[in-house]
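Should a chain be cited, it is by its letter among A, B, C and D, assigned in written order, with residues numbered from 1 in that chain.
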Amino acid sequence: MENWDLFLAPYQQVVEELKVKLKVMREQFDNLSDHSPIEFVTGRVKPIPSILIKAKEKGLNADNYHEIQDLAGLRIMCQFVDDIYTVIELLRGRSDFEIVEERDYISRNKVSGYRSYHVVISYPVETINGQVKVLAEIQVRTLAMNFWATIEHSINYKYSGQIPENIHARLRRAAEASARLDEEMSNIREEIQEAQKIFHRKK
Amino acid sequence: MENWDLFLAPYQQVVEELKVKLKVMREQFDNLSDHSPIEFVTGRVKPIPSILIKAKEKGLNADNYHEIQDLAGLRIMCQFVDDIYTVIELLRGRSDFEIVEERDYISRNKVSGYRSYHVVISYPVETINGQVKVLAEIQVRTLAMNFWATIEHSINYKYSGQIPENIHARLRRAAEASARLDEEMSNIREEIQEAQKIFHRKK
Amino acid sequence: MENWDLFLAPYQQVVEELKVKLKVMREQFDNLSDHSPIEFVTGRVKPIPSILIKAKEKGLNADNYHEIQDLAGLRIMCQFVDDIYTVIELLRGRSDFEIVEERDYISRNKVSGYRSYHVVISYPVETINGQVKVLAEIQVRTLAMNFWATIEHSINYKYSGQIPENIHARLRRAAEASARLDEEMSNIREEIQEAQKIFHRKK
Amino acid sequence: MENWDLFLAPYQQVVEELKVKLKVMREQFDNLSDHSPIEFVTGRVKPIPSILIKAKEKGLNADNYHEIQDLAGLRIMCQFVDDIYTVIELLRGRSDFEIVEERDYISRNKVSGYRSYHVVISYPVETINGQVKVLAEIQVRTLAMNFWATIEHSINYKYSGQIPENIHARLRRAAEASARLDEEMSNIREEIQEAQKIFHRKK
């Protein structure tokens, strides 16, 4: 890559624009005094060393780096598992980008224990030379999924992807605990909603 | 207006999105090591008291407040007068919004001495209830125009629009000095560009 | 309170200053390629309705609102329980504020299941009328503690503090699951550190 | 310099902290519905190529780079010349840093036409290894001074400091026009203040 700044600029732009757009969704629920399915939003451009590793894995050269789906990465954190699907519906309903692919690692979760819902989009970016469409990946997860994934990522990084089996086993147990936590939280959510329905009926 | 937060939310959103989008244009020129016609960008939602004053002036009631063109206001500051027209061309070339009106207060400047180029756009905003189109005003000006306008605005505010004639006269003289400054700067710009052409030809 | 903006301004200032200062601590660890005990930092000024509720509970009138310790609130999120104590040591070592009180809700956790470490500080703020010292509360917790606390807070808010016993029981079970998750994560952390020590010894 | 990130980190921190602190001063005047002597604040860490050029000029090696006074640079823009001196008084009254040097390029302006008031401070920064004191430069100027300085800087950069005499002459004339503009503005300011005094006496 001759000029990384130039290559990554539209991805930086997508991250900035989508952070604003997704954070606003949260505020819209707040303005309506409604439960927001979005707790918070983060975003980042993939660091150059990670791009090089991924390109090698996928056999891509500099001309094809734009095929990497998560150069622009957004993450939406939710309180409850059900909120994830509400967010997905909201994303599907938008007309400022096109959904290219969806990967549901929640109903069919990965061997590692990773859970998350990934949406790959094609996003039109206005540059000073006209409009270009670039890929971006939006990961939607609960706070518990994110907590586990953050720690798994840092362990994975320390072992360069070669996590020893005994640690792997512990990580899987932690992933199960994280999933159980989400289940218990979901149960509470249903009770809250039932309680609210009873309350509103009584009024 | 029953719920100002709800009414102003899409305008806040336009301001946030456009601030990101216009600032990025500047970075794109920087990445190309090219002179950026954009020096800096600011944005604001019109304060509620100012909305009420303008609505009264225009005889609008709450159902028609969306007709006010500058509820969402962006301001692009340029170094040179010529940069303004470069920016206007860049705005005309974009496909993420539609230009509704242009007002050139530079070639035909106002009696007050005000100089600026206004572009009113119709901008599609994604809300949780679907897409809506809202108006926004982009003001493009040099730093000298902005300097004068900032001070004129604060004086105007202090006198509630009834600036005494002797102060008005001084403001107009200041406006002329500000315009002369822009002219001298433009002359320097042409010399720089000529010098650069000679330099490049010699290489 | 006659002028909330004026009263809350120094608290807003403390939140802004401390967010910058605490985020920088994280970057310093990143610059040293060292594990950062800080994952992320958030901050907020207590909303006015919550101030009024707390003032009523504590029997305070407007002259004594400044005695409320969490008008300015900062939150530091950590990956591991041990990181919390590293952060506390870092806070104790600073000379830009004074620690007034510490409350350890981790070793002695609350009946509700709430776990967190609270540090109340007295922070000198420069205003245009000279220096004033205001209280601020820094909460230090793991991501799992924060996940649980966020949800408990929203449930508590919905029930105005009167959470029904059956939901309370579920929340406590969720709190236990959250604590177990932290324990398993801590075990993994120790293994990582042992693995790293072996690695470094072999070099 | 072996590790620029590590070396520049405390300067980045000073810039971030001071931007927050100085912007807050403006809000404090706004909260009091008083004229703010501060219009806006910007900040930057000196870019590495500029550090290297300055170090060469001053005969400094990497061990002494910390002697460069403007590694951390803040800029406060004012509407009126008189506001500059109000700001200087506010800076002198603060106890969160110490003023090391003041340079008044307004009453005694530079040959180039440059006008600005520079305050060099020693600012205590808390790092994870304890407190360190670093230098920072705060430039205080009117919008007109800033407008001229911005353009002079970009011309100077293009000619690598060797601005041809004919362009130099034009820049000086522009500087004079900029100074005249400030004078006319100051006259208006005095009238406004007199008008306000009359107004308040009549009430």
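Criterion: a contact is a pair of C-beta atoms (placed from the backbone, for glycine too) under 8 Å apart; a residue touches a chain by one contact, two chains touch by 3 or more.
Just so we're on the same page, UniProt names per chain: A, B, C, D = GTP diphosphokinase.
Not measured: the values here are computed from a predicted model.
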Between C-D and A-C, the pair joined by more C-beta contacts: A-C
Distance between the centres, which are taken as Cα means, of chain C (GTP diphosphokinase) and chain A (GTP diphosphokinase), whole angstrom: 25
Whole-Å separation of chain centres (CA-atom averages), chain C (GTP diphosphokinase) against chain D (GTP diphosphokinase): 36
Topology of the chain contact graph, where touching chains are joined (line, ring, star, complete, other): ring
Contacting chain pairs - touch in the sense defined above: A-B, A-C, B-D, C-D
Chain C (GTP diphosphokinase)-facing residues of chain D (GTP diphosphokinase), complex: 3, 5-6, 9, 12-13, 16-17, 20-21, 24-25, 27-29, 31-32, 90, 93-96, 124, 126-128, 130-131
Complex contacts: residues of chain D (GTP diphosphokinase) adjacent to chain B (GTP diphosphokinase): 35, 39, 79, 143-144, 146-147, 150-151, 154-155, 158, 164, 166-167, 170-171, 173-174, 177-178, 180-181, 184-185, 187-188, 191-192, 195-196
